[in-house]
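In what comes next, chain A is part of two complexes: it sits with chain B in the first one and with chain C in the second one.
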Partner chain A sequence: MDKGDMVPTPGVSSDTPGFDAVVVGAGPAGSAAALALARAGRSVVLVERGPFPGSKNVYGGVVYGRVLDEVVPEWWNEVPVERWVVRRSTMMMTGSQSVSVDYRSAAWGEVPYNGMTTLRSRFDNWLATKAVEAGAQLVTSTVATGLLRDAHGRIVGVRTDRDRGELRANVVVACDGVNSFLAKEAGLMPPAEASHHTLGVKEVLDLPGHVIDERFGLRRSEGVDIEMLGCTRGIPGGGFLYTNSDTVSLGVVLSLPHLAEAKVRPEELIADLKNHPSVAPYLRGATLREYAAHLIPEGGYDTMPTMVTDGMLVAGDAAAMTLAAGLWLEGVNFAIGSGLAAGRAVDRAIAAGDCSAKGLASYRSDLEGQFVLADHKRFRKAPALVLSERIQQRYPGLICDLVDGMFTVTNPVPKPGGVRLTRSVAAKHGVKLRQLAADTVRALKVFG
Partner chain B sequence: MDDIGSGPMVVACIRITDLRPQIEPLSGTVVREPWSTGLSPADAAALEYSFRIAEAWSGHVVVITAAPSSADAVLRDARALGATVLRIAGGSPSSDQAYVDELGSDERGMAGMIVAALAPLGRPSLVVCGDRSSDRGTGALPAFLAHELGAAQALGLVAITTTDQESMVVAERRLDGGWRERLHVPCPAVCSVEGAGVRLRRASLTATLAAQRTEIPQVTAAGGPGTTRGADPVGPAEVVVGPVRPFRPRTRAVPAPDSDDPRLRLLTLTGALVAHDPPTVVGPIDAAGAADALLAFLIRHGYLDTEPVGEEAATEVEW
Partner chain C sequence: MSAAGGVPGSGHEVPGGTWRGISFEDRMATVEFRVGERAHITVDSEVCRSCTTKACVTACPANLFAPTSGGGILFNYEECFECGTCYMVCNHEGAITWTYPDGGLGVVFHQG
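== the complex of A and B ==
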């Protein structure tokens, strides 16, 4: 960071309200951080720009709740769930074909559950309410517009867009989501890089609950999660479909630079997906309720910012913590995990009387010791592999044609042998068997 | 109950409701969520006008609503702005949904309830409401309130300003053709305002934080129509409407079609087979240029003469 930026904030008076911590952003990361701090008996204010937590937030639709075990005992009895995911399907597609790997587990539909579909306006609000019940003060419709610094350049709070809007605190926890302005202002973020981000675009479609049950083979509280590859006209990314109680969330996730290059409107890609022969029958008669778009920090471990500085730490998407490793798109659980860890680290730092970067350093070691950074580290090469040209543009078609070749009955011509079929299909898609083998080894290394 | 301020009492009577209710498409059931509760633009305007008028009169604002506890966050915001707040609660929290359903159904009874709840605070000089609530509101409540209070009423306003006298406000109401009528409203009065023209002020952060720690005073629903009617046997003073010319577009003489064939006459009259102006792209131009282009189009097609319209015209009206 440029030293010149680190000037003391003029007019930060001593009657500016002081707290142990200010958490910016009442998304999952911010509410979890505020909750951990409030439960530790710290005074904490949670600042949210939307009129209520979750009002501004967009995601696909599945939250993996194991991380909540630590937050609320038997959370499944009170969380605002839409459906419990009991079926998870990975679909590889071309414009007219699809091959699915479909997994169904009865255990996922029972306590303690695995994943749930939930709506962010309800879920985020529920989590923020937990923080408020624990003693955090939530201020909505308020934007944190900048950092307050003391004479030594140390961060001592935030400025907001309200009159007399300065908040002094021992530590600022920046949970302001992807493209965090606070992390940038603190000099923690490397310059934004489009290739480390994808654009998620989704529609929520109304469909009566019993119709969802019938079409997707579900019972009332059961849900399905379908992840799709090969449905984005060659733009690196993928698609998703999640069932809620009376709605279906359908969307695509697209590499930003490739989307710009392709000059395609994202809604055209959603329209393609809705018309795909493998998707359209699910959605017949569905009507549009909502349309939304949001950036996703998909760069993973190697693109994360520095996580602490004197008087401030960064959690959730602000620290690029969404795990987007091909088969996984998990962000909310990582945000909650990092928020809780941030809250604990701030509590320890305050107890030790040292809120400098050194005093807050236990945050990173805590994250490394649990799934948040361990998973990211394990899958650090996954984003590059998953968004690579062959995986995105060649393999979905190759797999579909391979299955087509196996199951299309060509009497009186005899069935082709497996090796000949693979060779000819690979050649059709411009893939050499050598490359296929190399990619298999690479995938094993990345995910193994 | 909060400490009541001094000076004339201006009451903002507002409806706090879910601004984004979900409507079950098959049954039409309205599902309301407590966290997306807020003020409609009309209620926000009512609150802002209440503050402006109370400031001008060196008076104080009382905000009253009949709602379940989900309204408390909005009331705390109003308190952070300096108002005294009061919530008329339903029977029990478990029947919140039933209470909200009931609220819209009997506006006369509701007016009685509100006036009864206000009675211990004194007689309001002015009550400002939104012109209608976004939750099934018919806009009738302000009229019932005026009746219960024995006050004058001026409804569906776009602006309220104070005068030299505290016994009078001046209000504006839209008329057709961009005209406005100006009303001299004697107080006590009940006014309802459209959600336009003003933006509700925001409280400072310090006041917001302080207000969050406070309890919202509540009274339970009581009263009913006619229980509290103000004891003014003469009735309210009359609202005086300023003289305005009504909007009368000039008649356009259309020459009779020149043919004996009814079909041709019809075609001429309707212009069905005549080439029309193709759609024209006039932009990109700035707002003033766009307004000129639109006006020129309307004048060219005989919808407007060249006289000024709208607010400009309202100021030219002789009083």
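== the complex of A and C ==
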């Protein structure tokens, strides 16, 4: 069996004395938890099922880095960044039109930056290496296959698929991703609910760096983030395009039950997007480097699992901590924030000699008091709004036709007035002005 | 394609500039899979025979599920992204059993 491509893998056996904590999953949440624990002087083993950290992970991808201030001072000097996002564009589109709201900031290209494009095989490995340097023991190519419980039913570690591979610990930190088998086994999460998940499919396309610079109006190390609405044949979701150093990441995110119902294959929607007249010119001549897919837990605050039980807590995607609130699309920052908080909570619980749910409860209150849960709570109604029928299927076309009506010169026919134009365009798209007003109020409430 | 752009190769464009020319095999050939001997997906085709939607067939991004003439489902676990779409869209309890491949095996993303 492969013992890990990038990080040395120590042996695992039942002879190994118990750890203070076993962290399952060396993604951003798990590595952050292991790092916090190791820095607190706790013994921690970090179990990763892939051959190296990041090998099972896919995202859009932008990481918002300020959460790393707590991890490494001046992290921007060493993080494996592709490009710093200085341009963020929201594109509303139909099959042949698009309207973009395009923001560009010089400040986003300077320390401490805002968002960065990076690839998970590099970023996750970098963060795991920080945990290892702090003293965590990383074990790759190892699946945590189930929970170990004592006679009272309390969780006391995990089983792995290694020979004699039981790992005993005071606390298990489950950072095992969107499908979290450990959270389900612990009874913290109901059975998988398709409606709380989206499928992300992505193509990474080779395109020389200087071509990316020219096509997107960038200087080296500057990047762009384009989010798209109205490009998924009515399936709730959206599209994205991010520039990396010498590649472009392009894909779509699709509501699972609606994708299933539509009987459309995901890669056909990517093909649609690549052929769109507003997107195709950016990609001319680009070749496919890697195709990928991953689920996203998009249900938001109200669909999060119970986060703490006796001897275990849950962080990152396993706790549904992605903010897919339309205008904001974040996840890695929440994973890191929740992982750090989990590590701190476990350290406090061990110090107090109480690793029960009660002893670990400070995890939740810590998260509520900072961005991790505060942001999710603020935008708890956003997923339902953003994925609603009018936002998804009617407004992109309505907005495109409004702009078309304003700027298409129809001589000798006189220009329509704004009110008449709005009325006729809304009617064409089956939207009543009353609904438009109600949705505006709702959006102000959800995002306000 | 413009030579001035300095882009090597002709991409996967077909004449007319569309992208539909990428075969699914070529698409999947860009992904590294370390295939294990144990199938981490199992399908109870008996259950599938009564399924009217067979949502897994179109939704699986790796196209691993195919309907058989007998109404069942033929599946392949070898080029699986391990995303979980199949069991989540499956509306028949117990039809698809899904676990992770053994440690170190399965998909290896380099550009995720």
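By definition in this document, the second predicted complex is superposed on the first by the 431 of 448 C-alpha atoms of A that agree within 3 Å, B and C clash if a C-alpha of one lies under 4 Å from a C-alpha of the other, contacts with A are read in each partner's own complex, and residues count from 1 in each chain.
What we mean here is this: a contact is a pair of C-beta atoms (placed from the backbone, for glycine too) under 8 Å apart; a residue touches a chain by one contact, two chains touch by 3 or more.
Predicted, not measured: the structure shown is a model, and the values here were computed from it.
Participant: Once chain A of both complexes is superposed, is A:Ala437 in touch with chain B (first), chain C (second), both, or neither?
Facilitator: The answer is neither, since A:Ala437 touches no partner chain.
Participant: For A:Val45, decide between first (touching chain B), second (touching chain C), both and neither.
Facilitator: first
Participant: Contacts for A:Ala374 in the overlay, against chain B (first) and chain C (second): which applies, first, second, both or neither?
Facilitator: neither
Participant: Name the contact category of A:Glu166: first (chain B only), second (chain C only), both, or neither.
Facilitator: A:Glu166: touches chain B, not chain C.
Participant: Please indicate which partner A:Ala107 is in contact with in the superposed arrangement: first for chain B, second for chain C, both, or neither.
Facilitator: neither
Participant: Under the stated touch criterion, which partner chain does A:Val211 make contact with: chain B (first), chain C (second), both, or neither?
Facilitator: In the superposition, A:Val211 touches chain C alone.
Participant: I'd like to know which partner A:Ala271 touches here: chain B for first, chain C for second, both or neither.
Facilitator: Touch status of A:Ala271: second partner only.
Participant: Considering only touches as defined above, state whether A:Ala194 meets chain B (first), chain C (second), both or neither.
Facilitator: second
Participant: In the three-chain superposition, say which chain, chain B or chain C, touches more residues of chain A.
Facilitator: For chain A, the partner with the higher number of touched residues is C.
Participant: Once the structures are superposed on A, label A:Gln137 by its partner contacts, choosing first (chain B), second (chain C), both or neither.
Facilitator: So A:Gln137 only meets chain B here.
Participant: Using the superposition on chain A as set up above, list the residues of chain A that contact both chain B and chain C.
Facilitator: 51, 54-55, 121, 140-142, 160, 162, 208, 287
Participant: Touching chain B in the complex: which residues of chain A?
Facilitator: 17, 45, 51-55, 121-122, 125, 137-142, 160, 162-167, 206, 208, 246, 287
Participant: Report the residues of chain B in contact with chain A in the complex, numbered from low to high.
Facilitator: Answer in residue numbers: 24-26, 33, 35-36, 38, 73, 202-209, 212-213.
Participant: Please give the residue numbers of chain C that touch chain A in the complex, ascending.
Facilitator: Residues in contact with chain A: 1-2, 5-13, 17-20, 22, 24, 26-28, 30-31, 34, 53, 55, 58-59, 61-63, 81-85, 87-89, 99-112.
Participant: Can you list the residues on chain A that touch chain C in the complex?
Facilitator: 1-4, 49-51, 54-59, 119-121, 140-143, 160-162, 178-179, 181, 192-194, 197, 199, 201-202, 204, 207-208, 210-211, 214, 247, 249, 256-257, 259-267, 271, 274-275, 280, 283-295
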